[in-house]
Every structure is written in C-alpha cells, then in structure tokens.
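Next come the structures, one after another.
First subunit A sits with subunit B, and in the next complex the same chain sits with subunit C.
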Partner chain A sequence: MKRLAATVLGLGLGLGLLSACQPVLRGTGDLGLVVERADGRLMVVENSTSTKLASVSGLGDLSHAALVYSRDQRFAYVFGRDGGLTKVDILSGAIAGRVMQSGNSIGGAISQDGSLVAVANYTPGGIKVFDAATLEQVADIPAIGADGKASKVIGIADLSGRRFIYSLYDAGEIWIADLTDPKAPRLTKHTNIGKLPYDALITGDGRWYLAGLFGEDGIALLDLWNPDKGVKRILDHYGKGKEALPVYKMPHLRGWAVAGDEVWLPAIGHHQVLVVDKGKWTEKARVDVAGQPVFAMARPDGKQVWVNFALPDYSKVQVIDTQTKTVIKTLEPGLAILHMEFTAKGERVWLSARDSDKVVVYDTETLAPVAELPAVKPSGIFFTSRAGKTGL
Partner chain B sequence: MRMLAAVTGAVVLALAAWPAAAEVAPARQAKLKDMVAQDCGSCHGMTRQGGLGSPLRQEDLAKLSAEAVIETILEGRPGTPMPPWKAMLSREEAAWIAAYLMGELK
Partner chain C sequence: MKRLAATVLGLGLGLGLLSACQPVLRGTGDLGLVVERADGRLMVVENSTSTKLASVSGLGDLSHAALVYSRDQRFAYVFGRDGGLTKVDILSGAIAGRVMQSGNSIGGAISQDGSLVAVANYTPGGIKVFDAATLEQVADIPAIGADGKASKVIGIADLSGRRFIYSLYDAGEIWIADLTDPKAPRLTKHTNIGKLPYDALITGDGRWYLAGLFGEDGIALLDLWNPDKGVKRILDHYGKGKEALPVYKMPHLRGWAVAGDEVWLPAIGHHQVLVVDKGKWTEKARVDVAGQPVFAMARPDGKQVWVNFALPDYSKVQVIDTQTKTVIKTLEPGLAILHMEFTAKGERVWLSARDSDKVVVYDTETLAPVAELPAVKPSGIFFTSRAGKTGL
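Take a look at the complex of A and B:
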C-alpha cells in the first residue's frame, strides 16, 4: 500500500519536488564523461539527447586526465596529472572517494574482474594498485629498471586475471604485474625492448601488446598468448625515420586503432597514418593526412578511421574509408580538437574542441554535425561502453 | 642593504626582459599564455609540475639562464620528445615565454 502511494505520488509529481529524495531509476549505458581539464571538472553527458546532465568538480589537475569505468558502469576512476585518483558516481554526479596516490600520474587500468584499479605514475614512477570498492591501497610496485633507476610508467592495460601490463619509459622495459595475491605481486619483466616507449596499446582481444618507441624506430610487440616467445621488434620503418621531424604532440595508442584485421597507427612526426596487418605485423599501406596524427580511432564497425592532429593542424579532423584507404572528408569541427569518442555502436562521434569551448557531435554516416554542447576547455571524452572492453 | 641589492636585482632582470616583451603584441601574449598552459601543459602539466616533460615551475628553471630556456624552446632537446618550436615561434616570442615561465612577467 505504501509502495502504491509512493508510485502515485511519483507519477503525479514527475521529476518535480520528489526527485531530490526519490530519483527516477535509470541505467548508465547511455552516459559518459567529458573532462573540462583546466577547471578540474567533469561533465556527465547523455548520448541519445546530446545533453549535459550534471557537473562534477573538485578533481584537481586534469591536464592529460584519463579514466576507466567500473564493470557496472556506475563509477568512473579518474586519473589526474597531480596524482589524484578520484572515484566518481555518475548516477549521483558526486565524488565517491578520492586519494592523492602519487606526485604525478599518467593513466590507469581496471582489472578484468573489476576488483582492482592500477595507476601508472611518472613521479616517483611505478604503479600503485587500489581496491576498486574502497580505494584502499593494496600494492605499491616501484619501476626500477635494469639500469637501477626509477622509471616513469606508461601504456598500462588490463590483462586476463588480476594482471596489468605496462612499459617503463626511461628503462625501456615491459612488465607484467600479477596481483592474484595483492600482498605478493608477481612480476614478469621484459628488458631491452627499445628506447623510450612512449605509449602502448593492447588489442581488444587481449592478445597483442604494442609499445611505440620514441627513442628509435619500430614497435615492441608482445604476444600474450605466447609470452614465452618474448618481445619482438616489428615495423622497423615505423618512427621518426631519417629526417627526424619535430613531434609537436605525442601520438596516443590504444586498442581503438584496430579495424578488422588491420591496426591503424599514427606515424611519428610524419603526416601519415600507417596500416598494419594484425597478425603478420607488416606494413600494408600508408595514408597521407593533413598533419601529425595524434589519435587514429576506428569506428566500432571498423569501416572508418577518424584522425585528429597535433598543432598547428589541430583544428582539422579527417575521416578515412578503411576499404579504399583514402580520406573521404576533412572536417573543421572547431578549434583545437583534442579527443574523439564514438558511441557504443558508432552512429555518432563526439569531438572536444578545446579552444572553441564546446563539444561537437557528428553523425558518422552523413559526416555532418548534429549537436553541440558548451564545455570549458574540454579534453577527453569517455563513454561507459568502455567498461566492457579490455585496454580501455 | 640586502633589500636594496634585491631590488636592484629585480630592476636589472625586469630591464633584461623588457625589450623581448615589448616586441610581442598584447593579443599575441594572450595566445602565448594559452599555449603555455594548454599545449606545453600536455607534457609539462597545466600547473607546470611536470609529466613526460620536466617540471617548469619558477624554482625548476631558476638554475638555467634565460638564454638556455630560449634555446630549448626554439631548438628542442635532441634525444627527448621536446621538439624545436622555431617553426611556430619567433625568437622574441620564445624570449617572452622564457621570461613568463621564469617569473619575470605576469
């Protein structure tokens, strides 16, 4: 009876007065977060309506912020540049927990079972691992390379089991930390993988880990189905090449670059995107683009790859057809396009235009803008569909 | 006496920075400030406490000469991701940024 009365009241008042104490039930699958990096704030956004539902502030220095989602897609774990790890409840738009875990961090990952969150740190280097529920620290794993020095950690991703893989930037190593027993993490180290791995990706199937090298040409590849074979060098021509052009922004590598049986990689310094055969690991093609690529992201169906650029060309975005390997459209969605994110099935893509203070939404079939949201210096955009994907 | 020396020092620094700053128009200065925060900030942190790139706080740069900072901005640091910015910045603009980072301009 009481429940019936509440329902009637709820229907009568709709979203009015009662909503503060009796929120309307909803899921999070249609939601996402946009980083307003200069203000240490997140926007909670909804895909279907292209609207902002809430703002969450108090997240510290979010320059180069990244985040991962809990497997129920309700919580985001936000990795701030200042070393802050913040757990955000996107349903209530509130901070559910926050720890200052290091001086300076670059990103993180959540374990396959959703129980552990690992943060990759620049200062003092190494990774720290936290209980995803409580944010209690469960492990602190320094990254001392074979050279005996502390190293910055980059390119962290989740592997099967309670394992994380990451690269040591200064030492040139790939490590796997197994936290089956968090009190006694087991480390597997691959040394001498190449100079200055600057970012890495794991393919969505969890099999291949690719670390891009800044200090020399080529990519370090580890087959995680056959880890005993060790790290192999592939794509000797991938890199800055003979005429080392200045690189105005480091390219980003993630599993989103896989389209069918091809991996699309931003070239370093050159105005090209490379197409690599996934499995054979040979170069299939190069596509000329409008600038130095930063992100090359495949639409979820793999039919298109969208590319954004380093300055001074960062107000352009190009769309490549993956079958013909040609640029089918050059877009100018706004000033300083920092990031792109596809909806789960790829019918739309959201782009952050930092210097236009807005987020622009495009239809990926018509390649026309369909919506805009004001946002203060937006950078990363993250939809909850990432929760079910390895490496994102 | 010590205060007088400090004041004199500040005046000398201000004078040294002045010619470079004077050659960058105010609208361009605003752009450069933005560039330091946003674009340099990608590697060095928006609050300049460092990241993939080294920290650029005033105290971090205190051990360097303005000339060294200007050279690094224009020519980059070979062997590291720090690129040469001379294709996008004039020497006067690099000098303005160096002075701005080193706390000689507001």
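Take a look at the complex of A and C:
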C-alpha cells in the first residue's frame, strides 16, 4: 500500500513536472512561423519533419505582415498593418509583449547586435526604434523629406553597428540612421534618388542597397562600402519601348535573388524577370515568365530561382535554372501562392496557398510536393535561419 | 501554520520543478562550443553577452577536433582524433551518444537534410556514415584508390541530396558518395587530380570544391554544377621561382574565405595570402602578411579577412581590408591563436589563445577586445550558425 502510494505520488509528480516543463526543450534552428493573415494568428512550425507545433493568436491585423527574429532565434518581432509590434516567444507559443506603435506599419528590422528593433511606418511615416528585450521605445525619427513633408518609410534593413537604412517613398530619399547612441540618432540623407521608391533590398553581404522606383523605370543603387560616391541609377528605362502593363501587385524586393554574381529581379508590370550583373550593375539577360512576377527568390545555393505571380497568374510558380536561364518547370501548388521560403540549406521550399488554405512543401531537386499542412489563409512564411542574415 | 506549511510545500515544489526543468528553455541561435583540447572537454557558450553556460567532459582526444551541428542546432557531432564520434546535447550540456568508429578521424560532415553524419578517417582511411538520430552505422566506404591502396580521407563536405564529397590524400582522387540509399552508396570518382590533396573546401553556395595539393604547387578544382567537365588545375606553380619555406603548419582550407567575387587563401609556406578571381580562377593579387598563414577567414560581409599564423608568428592576427587589399591592423590577442570564429552577422569575432588559456572576443568594427573568457588550452570555436551552411 505504501509502495502503491509512492508510485502514485511519483506518477503524479512526474506528470506535474512534465506539464510544468512545457514547452519542450528543443533547438530553434529548424523552426519557423506562418502568418494566418485573416485571423491575426501565427502557426509555429518546424521544417525537419514539416509539422505544426503551436498557434499564437491575438496579433491584430496581419495582412501584409512581416517579422524578424532575435539573434538567439527564440523571439519573433511581428510588424502588423495595424501598427502593432508584437514580440512572440516561439518556444512557448505565447505573446511576450505587444505595443501599438503607429497607425500603419509595413515592415521592420533588427540591429546587427540584436539590441534594437526598428519599425518603418506608413502612417504617420518615419521610424520608431524599440529595445528588443523590453519593447520600450528608445527613438522616434520622423521622415520629413527635403520637400518639408512627412513621408512613408519603406525598404528598411539593418546595417553594421546599430544602423538602419530605409527609403522615403513620398520624398524620394534614402536615409541611414545611426543609433549607436539611441538618445541622439545621427542621420545621413541621400536626396533626389528618384521618384517613389516602393521597396528596397540589401544584398546578403550588406554592401549594396537597391531601391525600386515606381515613379520611373529604374533602380536607385547605393554602395554602402563607398557611401561617399552617392546614389546612382541603374537599369534606367528597363521597360522602355514596351507597352506598359497595368501593375496588379507591386513586386516585393526583399525577394530579389542574388545568385552567384547575378541579381535576379521582377520586372515591374512585365512578364519578365531581369538578370543583372552584380558589380557592373548592367542588364545581362531577361527571362520570360508566366505572369507579372511578385517574388523572385534564389534557392540558397543560387542554382534555381523560384518565381510567383500577381493576379491572374497567382496560382502558378515557375522554377528557373540560373545557368541556362530557362524555366525548367511550371508548378501549380494550390490557389493564390503568396509567399515562398527555403529551408536554410535549400533542400525544400515552403509555399503558402492562401485560397487553398494550406502550406505546401516541395523538394527542390525533384520539384515534387513532399508534405502539406493545413493553414487558414496563409501568407508570409519565415524560418529562423533568417536570424543570422543581414537584411532579413 | 497551515498557510506556512502550504508555502513551504509550494516553495519545495517550485524548487523541485525548477531543478527538473533544468536546463533552461532558450533559443539556440547564439550558442557555440569551444574545444578545450588537452582535457577532452567542450565549453558551451553564448555569443550575445559572451558567457560560458556549461562544460561537457569525456570526449576523448580532442586535439585537432572538429564538429558539425544538427539542423535544429541542439546537437553537435564531434569528430575526435581518437576515432570517437560523440553526439553532444548543447542545451543540457550532456553527451547524448558516443561511438568509437575508427582509429583516427580528422573531420566529418552532416547531410543537407540532417539525417546522416559522415566521418572521414585517417586510420584505416575511408568514410563511415551514421544515422544522425541514433549514431547507428549505416555505411562503411573504404577509400581504395586507383593504385589499389587504402587512402587517408580529408576535406569532406556535404552536397545536395544526401551526398558527400571528399579527397583521398594518398591516391590523389576526389570522390562523391551518394547515400540516397544508404545500403547501396553510389560512388563517383575523379582520379589523377594531383599529388597529396591535404585539405579542401566547398564554397558556401555548394558549387566549387577546391582541394589544396601538398605534393605540388596548385589547387584541384571541381565545378559541382558541371561535374562532367572534370577536375581542373588552378594556380599552378603559384610559389614558383620563390624560395620554398619550410611549412610549420598546414593551412586549413575550410578557413578559406570567399569575399564577394574573390577567394582568399593562405599560400602554403609563404608569408602571403592569395586573392583569386572566383569564376575565372586566376590569381588576382597577393597580400604580404606577418608569417605563414593558417586560417584566412572572411568576416561574413566579406569586407575584412582575418589571418592567423603558424609558428613562430602564431600569437599575431592580421586584419586585411578586402577593398584596398592592405593589412589595416596587427593584433596580439594572446599566446598561440589557434582559431577564429565570427558571429553570424559578423559584428564580433572570437579567438582562442591556447597558451594564454583564454578566449578573446573582438569588435570587428573598432578592432578592440570587448570580452574575455577563461578556457583551458582552447582550440576550435564553432557557433551554431554553421548549422544552416553548406560545408560547415
């Protein structure tokens, strides 16, 4: 009897400990988040065996939401369209903090050292910077252009040493904010860079910042290793002489792909992907594709570029071989493919099929589907391998 | 009294739970291991605030030890000089498994999908392949060269799709083992690649495999996107016409640095680092340095290359600016600098000073030391950000 009691007690304690020890101890290298945009919810997933681990609700308006990871990969900072900045603990599947920081945010970045999170705002414009640990606001930097007006901010990325780079949509400027001393941010401004920069990217090495210009045919380029040389224009009038097509969806430039010494980018309004020589910054080739490209993303080894499309072709995905510069396969993974995310070493890619309410996983060698996860109106997919990469 | 008892009980339970819940729940993105070679011990460290978290003992002979990480970053697979393969749980700071797999191992690799760990052996030569979860041996592939003799294996790296590439030191061959079906490995052999390949690397994109030839002045190069073109020789006779210096320590090729479109590599026996055009594979420049280089490692952004040296200059470290190709600083961080490891985004570098019994952390912008950790005869330093990278 005594023995039984001890066993029962042991069992009870065991269960108690188990439950107290939740969430499970595990590495964070193969984790990720999938945005369920309509419900303001995130799915926590792992990509080793393609399973869902948890759901996190209460994130507000997640249409067009983006996120970045803490340097230890435990936390995600989610930038919501409602101006909410939410810190999510992906190991416990819980919200660790949330602030309403503006009226309308479009993206953000985390500093190289992981200490600061910067949010780029549409309304009222400018950036706000927060302590990554506490979400306490440490800086508020309006974006008043040379024209004296407040501007939307887009295309924000982290640079070395607590610096952020971003573009002023309305003013046509590129700014760098140095927050070495968060109480006294130092600003460097490049003005007259061109009309309406709509998105931007930084190359993975942190050297080249490219802002796509919606107001004119071309790209503004800044060499961050030689910023004194200023912003120059590349691919000027790349659409010249062609009939301009209505633009159904703005391409995303963070999806621009760097493969070896080539940059692959969606030609806005055209059914083409442009191949640009990295370094010379001249057009090298064009590849015809099935629709208006939205994301052109390189498999991590640069051997393939995967492309998704705007309406009405947004249920197709095309795979381009970068050596031959030809489309090697057209896939139809589901309805309304909004985003693609490669695993760290690139053996698989996850695709969100919004109108099929699922995420589909493809093997990137066989180009065949290998797994599927139900998800409610999925959009962005973000794996933790982004934590170690500049600009992601 | 009842209340007090309940409090005490609660406290007891709380402590019990805490202890049962050890180790602490945390992300693994900023973790790493430092080899304490003389004591067969590893230090578990984190690089956000530069602290030691735990020690793991009982790993056998760790002189010249190397390791790779599981794709979830929780486990390290440590390749010991005594032929031991040890699986270490870095979250709990404990050994999760250990097998004696050969007489003498020099390194290993983990497959792209994380399912297989391959060990390259000196004695008796060849590779052995293990299940990454259980450490059960799944394949044993001898390295019998075209000359009919067993060969040491060096320079092993993971390729796409459960394949490994490695070089046969004695036979002068490069082999690729495809373990899609581990019971029936398929081998592709490139023979007559040159004399005595002593180490090799694969570029981060997985495209180029370079094996340094100790038996002759030059490098064997294989384009893995076009393997039918075979192995070609590059940098033939790069030391020609110069007085050959005695080689105090073989350079490590895994440390070869790819910075933009340049590959930086230690010139064996010479006080120089070579700069090679990536793609054309011709020599572009040479930079004179303070001694015989061992590692030439690029900061993740490619803007700097850090170099350490063989005896008698092994207490110096030089920092080269890759744009100007000049040494911008000579550091003396401690005695006998054996290894260097950058944080994922490159804001800091950790250096092991074996004979000073410490690890020193430098800020890579100011080039000043910012932290120091005591360590007993430290050698290799490995951060978990390697988990997502091909060839590391």
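Going forward, the second predicted complex is superposed on the first by the 362 of 392 C-alpha atoms of A that agree within 3 Å, B and C clash if a C-alpha of one lies under 4 Å from a C-alpha of the other, contacts with A are read in each partner's own complex, and residues count from 1 in each chain.
The rule is short, and it goes like this: a residue touches a chain if its C-beta (ideal position, glycine included) is under 8 Å from a C-beta of that chain, and two chains touch if they have at least 3 such contacts.
None of the values given here were measured: they were computed from a predicted structure.
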| item | value |
| --- | --- |
| Combined model on subunit A where subunit B meets subunit C, clash or fit | fit |
| First, second, both or neither for A:147, with subunit B first and subunit C second | neither |
| First (subunit B), second (subunit C), both or neither touched by A:302 | second |
| Vertex subunit A angle, Cα centres of subunit C and subunit B, expressed to the nearest 10 degrees | 170 |
| More subunit A residues in contact [subunit B versus subunit C] | C |
| Touching partner for A:332 - first (subunit B), second (subunit C), both, neither | neither |
| Partner chain(s) touched by A:215 [first = subunit B, second = subunit C, both, neither] | first |
| Touching partner for A:63 - first (subunit B), second (subunit C), both, neither | first |
| Which of subunit B and subunit C A:260 touches, first, second, both or neither | second |
| Least Cα gap, in Å, left between subunit B and subunit C after the two complexes are fitted on chain A | 31 |
| Subunit A positions touched by subunit B in one structure and by subunit C in the second | none |
| Subunit B residues touching subunit A - in the complex, by the definition given at the top | 34, 37-39, 41-43, 45-47, 49-52, 76, 79, 81, 83-85, 87-88 |
| Residue ranges of subunit C touching subunit A (in the complex, touch as defined) | 13, 16-17, 20-21, 23, 25-31, 46, 48, 69-75, 91-92, 112-114, 158, 160-161, 205-207, 225, 260-261, 279, 300-303, 323, 344-347, 365, 384-385, 387-390 |
| Subunit B-facing residues of subunit A, complex | 37-38, 61, 63-64, 81-82, 103-104, 106, 122-123, 152, 154, 169, 196, 198, 214-215, 246-250, 311-312, 336, 354-355, 377 |
